[in-house]
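In what follows, chain A forms one complex with chain B and a second complex with chain C.
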Partner chain A sequence: MLVYTMRRVLGALPVLVLASILTFVMIDVSGDPLADIRMQQPPPTEEVIQQAEERLYLDRSMPERYWLWMTGIGGNGDIGLLQGEFGPSTQGPQYEIGPAIVERLWTTLRLVGAAMIFALGLAIITGVISALRQYSKLDYTLTFIGFLALAMPTFWLAGIMQAGGVKFNQLVGDQVFATIGDGRFRAEGQPLGDQLLNAFAHMALPTIVLMLISFASWSRYQRTSMLEVMNSDYVRLARAKGLRNHVVIRRHALRTAMIPLTTVVAIGVSSVIDGAILTEYVFQWRGLGDFFITAVDNNDSYALMGWLLLSGVIVILANLVADLLYGVLDPRIRYE
Partner chain B sequence: MFKRRKSLALAAAATSAVLVASGCGGGGDESGGGEREVTWVIETLPGAWQSISSAGGSVYVIQTLSGILPSTGGWLPDAVTYEYDMDVLAEEPTLINDDLDEGPFEFSFTLADDAVWSDGEPMTGEDLRVTWMMSAGPAEGYCNGCDSRLSTNPDQVEDIEVDGKTATVTLKEGQANAEWMGLFDSHSVAGGFLPAHLAEENGLDVDDPDDLGEYFAWMHSERPEWSGGPYQIVSGDLENEVVKEPNPEWFGDEPGLDRITFMFNTDEGTFVNAFSNGEIDGGSPSSYNEDVFTQIDELQNATTTIGEGAAWEHVDLNLNNEALQDVELRRAIFTAIDRDEIASRNYGAGYPDYELKNNHIFGNDSPYFVDHFEGESQGTGDVDAATEILEEAGYEVGDTLTLDGDEVGPFRLRSTDSVVRNTSLQLIQAQLSEIGITTNIEVTDDLGGMLAEADYDIAQFGWQGNPYFVTSGSQYWGSDSGSNFGAYSNDDVDELTDEAANAPDLDTAADHMNEAMESLVPEAYVLPIMHEPYYSFVNSDRLAGVEDNLHSSYRATYNIGEWTLAD
Partner chain C sequence: MTTEYMNEEHAAAATDDDVVLEVTDLSVTFPSDDGPLPAVREVSYRLRRGEALGIVGESGSGKSVTSMAIMGLLPRNARVEGSAKVLGQEILGLSDKEISKVRGQKIAMIFQDPLTSLNPVYTIGYQIAEAVLAHKKVSKQVAMARALELLEIVGIPSPDQRLKQYPHELSGGMRQRVVIAIAMANDPDVIIADEPTTALDVTVQAQVLDALQRARRETGAALVLITHDLGVVAGQVDRVGVMYAGRIVESGPVEEVFYRPRMPYALGLLGSLPRLDGDRSDRLTPILGTPPSLRDLPEGCGFAPRCPMARDLCHQEEPQLLLTLEGGDRGPAEAGDADGHTAACHFSGELTGVEASDLFQATSVDTEGVGSVAEVEAAESLIAEAREEYLEEARAEPETAPETAGSTEPEVLLSATDLVKHFPIRSQGLLRRKVGEVQAVSGVSLDLRERETLALVGESGCGKSTTARLLLNLIRLTSGELTYMGRPLHGLSDRRMRPLRKDLQLVFQDPFASLDPRMAVADIIGEPMRIHGSGHRDARKRVKELLELVGLNPEHGSRYPHEFSGGQRQRIGVARALSLNPRVLVLDEPVSALDVSIQAGVINLLEDLQDELGLSYLFVSHDLSVVKHIADRVSVMYLGKIVETATTEQLFRAPAHPYTQALISAIPLPDPIKERTRERIIVTGDIPSPANPPSGCRFRTRCPKFAGELSEAERTKCVEEPPELLDRGAGHRDACHYSQVVELI
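And then the complex of A and B:
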């Protein structure tokens, strides 16, 4: 398995490098990183603009800048991926892209992690129930809910959830749900219970939004997969052997039925990250989604490159984990 | 802290396992009752912890530092009254010499004896000197790495002599500045002045340019643990929120609140829900959003104000285009544009009391205001008058405007992609088609680049105004100015704006500026439309004492020390 993992990781490197070249070129031609500085009123002096150009390496050619970004050779010590430096930011010398990404990654992981766990759990439960009660009223109801969630655009759903949260608070006469921010500084120094309540208040609505986005499609996959397995020969054999129904479902059918879902979830990681961009924006969470929007707004090339690289790594890792999970779920699969 | 009650923990517990854990944790109603705390929203992330640098140069940084930075004074909301901060100053600043024949222009500031920083260190003239050196441009050589975004005034200074609490400022030979009192006020590049003693505490020598550059970078990157105002920052970051509590060493009147949270919320669309939910108690955004304003205005507990903001919209012509070098064509274009229609369509619903801008520099309520468009046909949308101008100049007006048989235009009509500007461009396009001029609308997301490269024929964009005006003319229309994007050049205007910049007093400077506009307006280079309205909103059930200052970067936070809880 180790050899297989290494092979997969090494195979992913050229893909990442190619993707980074493509995105670097696209970002480079898409706008002037100094546009905001040039537009300041009154305009800054030529020396200030020149200073900014030198700081951002804009006085070098595009290939030179890419080489610098990758290796750091010939730079000022603040650039070079291989040296652990993501490069200077248009948001000022005080803004360090690396630490910002790490901090925001944690914020996003909290949100995406919780949403994925809940979405996965809900998708498996509803998918299995729908499959076992095929064409029943319950199946139709769950199918309807699934399609409804699938059809709703993220930003709209987020807006609806915010309005719903406010209405709920007004109804109960208290503030249970918060609609903006992650409230990280609000509970500083407060008792643990207060901190958890504060975290819940800020986390509940965005988590539900992200969860609903993913749950809808995943539950459909789980239903289809479960139906297929339930009609397979080995499940019929298990039943013929006289095994109890819940044992057949849990031990024999469910494990196999989860293999396609594992693939879908791995691919779905990128969709959840995409969803997080809008969700974080609407709920004003300073995670990677917001980092991406801020970087675009500021024409911050190196920050965008960092974000894209991280997204690529996450997707590759998720796919690798999915491949490895196949072996756990299906004993017939081995990585020799 | 976010309000909650134990009873609600039970309700929430039903919805999530997280809540179960929370309910078991106990907690309490920490934020109810006696706590005097409010949350103020800022609609963009501040770029740094100080505002001198180009990255930190925004009103959001300044507002974040409200109640922290001391300053020598500022303009009050009426934009006519200038008030010195007599908590910080021992006496009103002294103009020692304004007669350049007698010697260099000289003035002094003396800080109050009891004025101290939050660590107990006294404020001294050295604080002013160090702030000046960091605010000066790189070419002055005081600081390596300082990238002051606005060094015009600091660069005029030859030297600052410090004697304890007093700083005596001497300008360079032959230079005068009618706005001398503003060097360290709330409208200055630093938004006030910064402590000098922290440099030494960090082992830095402020007279060494490298060390000063390091201090500058430190100031911009580190959350200020220091304060020279009624509040001090106790927690927070530049991405989520900043929490302020009273500065125990503050030497002025005691502030009225125990805790103010400045929340950064970049999605104005969420303001209404957040306000209804009690998550924010007020804000004074720097852009106008009619939907948000009208929705908040309808809420029962909201008190809103709206008025002419500092930014004003205008239509510019690019004189690099050969056709547009003809002043008669320019006059006809500006005559065909109906400013009132543009203003009413964009702002009429939320701000029906809008006024068109008839003076490029001075607002309608300024004592220096002179109506330069009185009797002018420009901006009236008078198609007949525009047609007459064109025909007299030899043009043929029909479905297509022609000169000597050749079509005039089409012109590229450009701006950024915003609701207001899109509406404007469409109206201008329709209005110019009335005199046979075809325009192609092209929006850009890189306004700075577009203007710097003069990549337009007709453009609409905005300038940021300021009660200080003496250098604005040379910046907007000076032949050598980097901001004179459309390449206008007029020796008389150059001379008058230079005289305004070096005038010994404001009255003289204003006279020169108005004279320059008298020459400028008939040449139809820039057509002012109106000031963008700015609004503020406050939860009147929770917060009192808030007053929006539309002419200050601090906006409604300019008097943060006077905010109190509503009765």
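And then the complex of A and C:
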């Protein structure tokens, strides 16, 4: 198992390096960070542009800049990922990308984490129920709900939820759901109960929206996988041994049926991050989604690179975790 | 616990206390979109303590569904009627809690495929202990100790290590023994084994059957053995029931049913079987037609549409399962005579002294497509015509016309010398370094002569299919020489090989995967002609001829492969191979995917085609019975090497290599007395990995001679020196330092 873990971790490193190169090159060729300055009226002097170019290291060649971006060697101390610096921003010298990203990462992770946990739990439960009661009314109902969720675009679903939340608040005459903002600072210093209530109010609707995106497909997946396992010979043999039905389902069917789901969930992380951008935008959270949109608006290439690399790292990490989990769940992989 | 349970039913007098399993009028119906599907109809049988009952039948006869119904393992939507009593307790319709006390405790089950029967994520020990813990309140340690004991009983080497291993670390034969260990964990009264050895090689099958015997001896359990293999039944059971279209159509003591069948179907099954103890000149007699669709059962006897004896009565009234009496009378079976010989045929009396060949026709037409004797005759005349046409066609092409050789010895067409094929094993890392190689074929030499059938036999993984591909130059040789009519084939570019491909054609094992499902049959058969641009003016006519030639209806060319059954598809594959007038056909397990009654027709077809068209066959197979029937010469392969080669006659009469002897003695004979009294040479263990073959003689790790007879000095030679394939006279060659002829059949 140790060898297996080592091999997986070592295998992830080159992928990470490759991801950083890809990220850098793609952003670097896709726009001019100084476009806004050049468009200013009256036109800025040559000197101003030169200064800006120097500050953003645009006077150097692309390979040099990549090296600088990674290591920070030969820079002004504001660049170099290995030193924890994300590089200068077009949004002014006082805007620091690093702290901004870290602050928003927490906001977004809260949303993504909660959504994924709920989606996974619900997907497994409904998938298993659907499989055990195949072709029953319950199965058809769950299938219908699943496809409905699958068919709805995120931004639209988010809009509906928001409007629904507002309507609900009006009906009960109380602010049950907060439909705007992430509310991180609102309840600071208040008693724990209030803090929790506040967190719930702000998180409930966006989490549901984000959850529904992945839940539907994961649930379908779990249903198929469970059906396959329930018809397998080893489940029949477990019954033939004289094990009770619930023991067979829990011990023999569920455990093996969940193995393929780990891969699907790991791959699904990227689409949840996608969804988070839209959801945060609709609910006006100041998370990574908002950070991304601001960065695009400002042609802020270092901020974008940082953001892309970060989401890349999250996806790679998720896959690494899935790989390791696979090894734990399935002995055939462990001893390959 | 009694150890002399076999053949002793008379000792256990027919008291009802002794009945451990009593099935009465069991019927199973599955709902489907096209109406109810009666999979099992009114099956009844009784099983006494320690007795072994065989249930035989072809695929779809309902034999597995019956046992699943008894175990309560059918899907929820199946409707089960009738009764099944274990030790007097009704077990149909029990609640989950009640039935789980019966399963595993009183009645245990073994499934067909050992590779999927064990849960991949738990250790062997856990899975056996789980069975113990399901019924006994003991500690985990005690359960594990019992698991260890059980592994020892079923003959698994170093059982204490195996306990901690996962299923994927064990071979198929080992896993099946683990499943047997699980079945006997709680000393059940009945063990139901559903095709327990079908997925295994013959030498491993012999080991597993042995383990099953030991399990019965140890637990005193009665056995229900479900199988399609009449040979396995003959050797293992006391009584046998033959199932057809969901019913038991004949039952009785195994000798009675095998030697004096009273139902045409049982007689037909026996007649369509190629036999190891039979004569090569015997023609197989396939049964016409196919089993009826359960959805649409005929009014009278289910077998009547295929039965050569059928009369009006048979089509009107379904015969009951009645006792057959001396003199051909039939009488009702009474409760006490459960051991008698019963048959469901109105005219069973007429079958006294009748042989399969008296009743069924030895034909090579597509037996699945025809219904009556008249149709067979019509189809046969079509085949004869088609053969004439084909021969004319072949003569018109001077390049493929057989050269009249001056010598009396038939010309060698395909000749291989020291063929070697190694497949690299690559590491999992990014670099994919080569970390070893699988020595799939290591120095195989053989000659295929004109108009002869050379069989290449061996168990799975011995390299026989790889050799077949090498002979066709479909994969590159690692080293060795290969010539066709004196022209070297090795190293030929694809372009220069192409003209020669006309002469060398291939028929595949899997009739389902080898035909493109999106192409019409006429296009499939015509494709080789198109590729070789033999610009047939009347390609369509030629395709029709080819269809006739293989016994199919020539009007069916526009149909798609899914509209044909397995045997028919295999015929299409043969037609495709014949379209270019080849001289050599390589047949890679051509009949192993087919049911026996259908297999017989395809074998007949291959034999006829060879006789009439002068083809040479390289016949790759694991089934020695089929090989004995069809081959002129046989080469036996083991782990990439040929260990013995001889004429069929020599090889089966006087096998010299211990592996050949073991292989022959492992094949069960469909003859109860012969099967129980013959000499056996049993090999132990599994085939070693071809990535790391044993030094010296590759067979020594499993060789009974090496283990039992040889002295220390003699063994050293086996370990150090690889034996050469040497001639023992009259072309009979074997690769054993201490070979010795043994008579086995």
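In this section, the second predicted complex is superposed on the first by the 312 of 336 C-alpha atoms of A that agree within 3 Å, B and C clash if a C-alpha of one lies under 4 Å from a C-alpha of the other, contacts with A are read in each partner's own complex, and residues count from 1 in each chain.
The definition used in the following text is that a contact is a pair of C-beta atoms (placed from the backbone, for glycine too) under 8 Å apart; a residue touches a chain by one contact, two chains touch by 3 or more.
Not measured: the values here are computed from a predicted model.
When the two complexes are overlaid on chain A, chain B and chain C sit side by side with no clash. In the superposition on chain A, A:84 makes contact with neither chain B nor chain C. Chain A has more of its residues touched by B than by the other of chain B and chain C.
Applying the stated contact rule after C-alpha superposition, one finds that A:281 touches chain B and leaves chain C untouched.
By the document's definition of touching, of the two partners only chain B reaches A:165; chain C does not.
In the superposition on chain A, A:329 makes contact with chain C only, while chain B stays out of contact range. Of the two partner chains, chain C is the only one touched by A:237; chain B is not.
Taking the Cα centre of chain A as vertex, the centres of chain B and chain C in the superposed model span 150°, given to the nearest 10.
In the superposed pair of complexes, A:245 makes contact with chain C only, with no contact to chain B. Judged by the touch definition given at the top, the superposed model places A:95 against chain B, while chain C stays out of reach.
In the composite built from the two structures, the nearest CA pair linking chain B and chain C is 34 Å apart. For the contact definition in use here, the chain B contact set and the chain C contact set of chain A share no residue.
Across the interface of their complex, chain C is touched by residues 7, 11, 14, 232-234, 236-245, 252, 255-256, 259, 329-332, 335-336 of chain A. Residues 31-32, 34-48, 51-52, 90-95, 159, 162-163, 165-166, 169-170, 172, 174-188, 190-204, 281-284, 286, 290, 293-294, 299 of chain A are the ones that touch chain B when the two sit in their complex. Touching chain A in their complex are the following residues of chain C: 71, 73, 96-97, 100-105, 108-109, 111-113, 116-121, 130-131, 134-135, 166, 168-169, 179, 182-183, 185-186, 428-430. Those residues of chain B lying in contact with chain A across their complex are 1-5, 7-9, 11-12, 15-16, 18-19, 21-28, 30, 45, 47-49, 53-57, 137-139, 145, 147-152, 217, 220-221, 235-237, 239-241, 243, 261, 263-267, 269-270, 273-274, 276-280, 445-449, 451-452, 463-464, 471-472, 475, 482-483.
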